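Two complexes are shown next, each including chain A; its partner changes from chain B in the first to chain C in the second.
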Partner chain A sequence: MRRILSSITDGKGFDILLVSLTMIFLIVMAGLPLLYNVLMSFQQVDMFNLGTFSRPFIGLENYQDVISQPEFGLVMKNTAIFVFGSIIGQFCFGFALAIFFMAKFPFASTIRGLFLVSWVMPGLVVGALWGFILAGDYGVLNAILQALGVTNGTMFWKSDPNLSIWAVTIANIWLGLAFNMMLLSVGLAGIPGDLYEAAELDGANGWQRFSTITLPMMRATIGAVLALGLIYTLQQFDLFPAITEGGPANSSSVAQYWAWQWSFKLFDFAKGATVSVMMLIFVLIASIVYVWSTRHEVRG
Partner chain B sequence: MTAQIELSNVDKHYGAFHALKNINLTIDKGSFVALVGPSGCGKSTLLRSIAGLETISSGTLSIAGQTMNNVPPRKRDVAMVFQSYALYPHMSVEKNLSYSLRLKGTPRAEARARAEEVAATTGLSDLLHRYPRQLSGGQRQRVAMGRAIIRNPKAFLFDEPLSNLDAALRVQMRKEIRGLHDRLGATSVYVTHDQIEAMTMADHVVVMRAGVIEQQGSPLELYDTPATRFVAGFIGSPAMNFVPGTIAADGRSVQLDLPDTQPLPMSRPQQAGRRVTVGLRPEHLEIVDPARAQLNLPVAAVESTGSLTYLSTAGEPEVTVVLTGRSNMRSGDRVGLSIAPDKVHLFDVETERAI
Partner chain C sequence: MSRVPVPKLLFVLAIALAAIYLFPLYWMYVTSLKGQSEIFANPPTFWPRNPDPSIYPETWARRNMSVFLWNSVVIGSGVTALTVLLGTGCAYVLARYRSVWIDIGLFAILMLQVLPASVMITPLYVGFNQLGLLNYPRTAVILAASAKAIPFYIVLVRATFMNVPRELEEAALVDGNSRWGAFFFIVLPLARNGILVLAILTFMQAFGEYIYSKSIITTQAYQPASVGLSGFLGPNSTDWNGIMAYAAIYVTPIVAIFVILQRRIVAGLTSGALK
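Showing the complex of A and B:
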């Protein structure tokens, strides 16, 4: 008994204790709900058997139903636009800003810190802000675009079916920009300055230094940023109810919003679970990429 | 001899800090020049200015006859070996070596052949597919040199390249670098804080202090006729002993401010009564019979390395003596010392310049 106790205070037992606390938390709060969700997607669920565990097993019927919905193609297309548009936008602007703030100028780190404001704000607030900015008749964005002469007419960002998914994507790019910039800044700061000096003496111009030193040295960081971007973008929910509510006519509905609509608007929990299981596959791929690109961070 | 690198009236300011002060230096084609001095003396800044990694504030810098003041580093055609080696961690040894060739668009097969050739001369042939993290310190050092050699540049710049190696490897690499320099007929500029490296490797040594060139010349010139007290103390190991003294009334000898000492004869007459600093190299002091000794000093410590014995005396200032072989002296004994007149160095007390 004493040996067990002493191993908990100063030995392997303490390590096991710490790991098992985390594992128990993960299993109870994430693992079991996830399995329950997967199970539910193969069952027939209605309001009467919602409280029980044993429900009729219907195989892939839920999946067939979801796929044969008329809006399925549109939702998938919107999800693809939202995910890839957000990731590309966040990454490119984030990388550009990260490189910009590597330059030494007065208040560089203070200004960089201020960018985090976008990241710490709740999604609903960001959604409301962008709701104002994107508004068709009184929005700032339209005023700017018209003043610059980019467009003459009024762009109805939130109510034009061709624009609505882009409206949410723009807001999400702004929301995730700071996070991307911060992670990429850390990666950039980790590249020793003398590598650039050596490359410069070896005859590399600015673009060659970026493509042969910066990019390859950042491979792990970029992999992690893109994978986390995919995960966070598939999790992004708040902006949809705040800006477009998925409309008009599902033109800005994405998988995660659709799953919520199935479960909590139509109370068809099985279909909601089915859509989220489909998303799970993509998140799983992203997670594998993330774990693979950060494998070198494990240090003894 | 034609000048490969020429600096005239070069100044460098960092804000209010004056890092290089009116540097005039000519580096001949094919010569090996060492820039040596304590840390913060500006030797690295000078090297980086030649490379173009720092811009000079005024003066002119030319390489192979062309003014380089505003030419970016990549167009100066000089190669640099960094203290940290600065190997590209994501490239194999072969890719590290051939990086500059690939940037120029050299065909892949040719770049590979050149890398193999350079690897053979630097002893890296078996390591071409390794990554820098899989190499030892000495091997990394060789890759850094190979990367410079493959370019066949107008000049090689070395920034303390041996300071991360252990003592035995340092001695070996010293010879290898000098050997490569001779074989390639290259022009090399070598920065170090270690005067032994400078003395053993270079044809021409430039001693710097606080942004100023104190003295330049061949290694033995600096050793035999140091221009200032600083150079005298910096060159030579163990360092020169400095003892205050007064020129005797006859002007032909100098009386040290140490008890039990006779005036030391000098090779050149000086102004009688002048206060001076006398420099005596530890290896020039000979142990003699106390009856005819010029200095009679109590011994404080005896240290032997086997081949050499270091004696240090009690009292202020301490005097160090180096003897070859062994000594049966002990702490507390008195030692009689003498020195040849032409080995006595005199420095002005105020200006610290040799007189």
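Showing the complex of A and C:
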């Protein structure tokens, strides 16, 4: 007993105590629910047996039910549009801005920092702002597009089933762009400047310098940013209830919103768990890519 | 021959880019000051004809914002306290050693960081229901949201601890301090700034938390401001100056703190985000 006590004040016991407290909390609040989620996806869960621990197992029936829903294909397609549209948009704009802000001019880092304000704003507020900007008849985006001559008609971003998923995607690109830019800036700052000088002396033009120095040197960072983009995009929820509520007719519903609707609108918790488990597979793939690329970064 | 100085040109361009990017924020404040008919004008006016701030006290009273905001503060403070309490020590240990076990622990934490809240809410809700925690809805939300915030906090605070020189701690141990003494009086004060910045960030995130509160808290008196906003927001909303006034009251403190602490927040975020 005394040895344990003295280990806690002076030895390894101190470290183990600090780590295990946190780990126990995380296992109880995140690890166990994760397993519980998988368990529920094989059970029948309804309002009557919600509070009990013994529920009938029904095998893969939930999975079959979910896949045979008429909106299943649409939701998967929307998820793909939302995820890839967001990642591509955030990455391209973020990368362009990051390169721009590497130039030397007064207050460069302060102005760049201001972009990050989007990242600390509550998602629901961002959704409210974009819901108003994207409104059909009186939305300011339509007015700007018409003034620039991009389009003549009125785009009903939120109520046109062909556009509604793009409305949320645009808002999400805005939301995630700054964070992408910030991470890419860190990567860019890590590239030694003399590489560029040497290339310039050798007569390489701007594009050659970008494709032979910037891109290869940034490989690990780009991998991490893209994987993080996938992770954060699949985490994005708040914009959906704020802008379209998944509508009209599920045309802007994505997996994470659909899972929530199953559980908290239809109170079919087993189906919600099932959709979540399906989504989780994608998240796990992304996080393996992320961990792999950050590892590359540290160990170099 | 006079040349336009390039840095000045870039500076103007940078300001223009920032203005375009932050336009939604500007639009929120401008819209809240417009009258009901001016909001639906086409083409829209970019500066209100008769700025009318009376919508602010009106929205504050009508939407019962003091209760909502107080609940947001309670949830934000609870999450921040729990996160700092549980995350700091763990981050310190993970920064101090290099071994297979540390790598496994870091990997587990990174994995927990990526779990979407929309995935976790179903099992958490059912589990909380079975444990009776739903009777204490704000506590339940604090527990759930902390589990989401802690992994992120650990990853970034660990980067701060990595920058604290080991020699200082070792010197304190040689001088006869216990591990507790060295941790509390040497290491923690040196990492204070990083911890403070990340605590503020954690608070900001929890202050805007939506999905857990929306799903778990059904009593209006305990709901945070995000859920209050969602009550009159949706694809068919029309009360736009009310929504914008509400949003402005809600985010102005966050935006103000962010602008004041901008340099530190950005430094704290970027130092560890990729490590």
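Going forward, the second predicted complex is superposed on the first by the 285 of 300 C-alpha atoms of A that agree within 3 Å, B and C clash if a C-alpha of one lies under 4 Å from a C-alpha of the other, contacts with A are read in each partner's own complex, and residues count from 1 in each chain.
Everything that follows uses one rule, which is that a residue touches a chain if its C-beta (ideal position, glycine included) is under 8 Å from a C-beta of that chain, and two chains touch if they have at least 3 such contacts.
Just so it is clear, the structure is predicted and the values come from calculations on it, not from any experiment.
Steric overlap between chain B and chain C is absent once the structures are superposed on chain A; the two fit side by side.
Touched residues of chain A were counted for both chain B and chain C, and C has more of them. Seen from the Cα centre of chain A, chain B and chain C lie 80° apart once the structures are superposed, a value rounded to the nearest 10.
Once the two complexes are laid over each other on the shared chain, residue contacts for A:F115 go to chain C alone; chain B is not touched.
Chain B and chain C never share a C-alpha pair closer than 12 Å once the two structures are laid over each other. Chain A contributes residues 192, 194-195, 197-205, 208, 212-213, 216-217, 219 to its touches with chain B in the complex.
Against chain C, in their complex, chain A makes its touches with residues 9-11, 14-15, 18-19, 21-23, 25-26, 29-34, 36-37, 40, 45, 50-53, 97, 100-101, 103-118, 120-133, 137-138, 140, 143, 146-147, 158-159, 174, 177-178, 182-183, 185-187, 221, 224, 231, 234-235, 237-238, 241-245, 247-248, 256-257, 259-260, 263-264, 269, 272-273, 276, 279-280, 283-284, 286-287, 290-291, 294, 297-298. Listed in rising order, the residues of chain B touching chain A in the complex are 51-53, 72-74, 76, 78-80, 82, 84, 86-90, 99-100, 103-104, 147, 151. Partner chain A is touched in their complex by these residues of chain C: 6-8, 10-11, 13-15, 17-18, 21-22, 24-25, 27-28, 31, 39-44, 86-87, 89-90, 92-94, 96-97, 105, 107-112, 114-127, 129-130, 143-144, 146-148, 150-151, 154, 178-180, 183, 201, 204-205, 207-211, 214-215, 225-226, 229-230, 233-235, 237, 240, 243-244, 247, 250-251, 254-255, 258-259, 262-263, 265-266, 269-270, 273-275.
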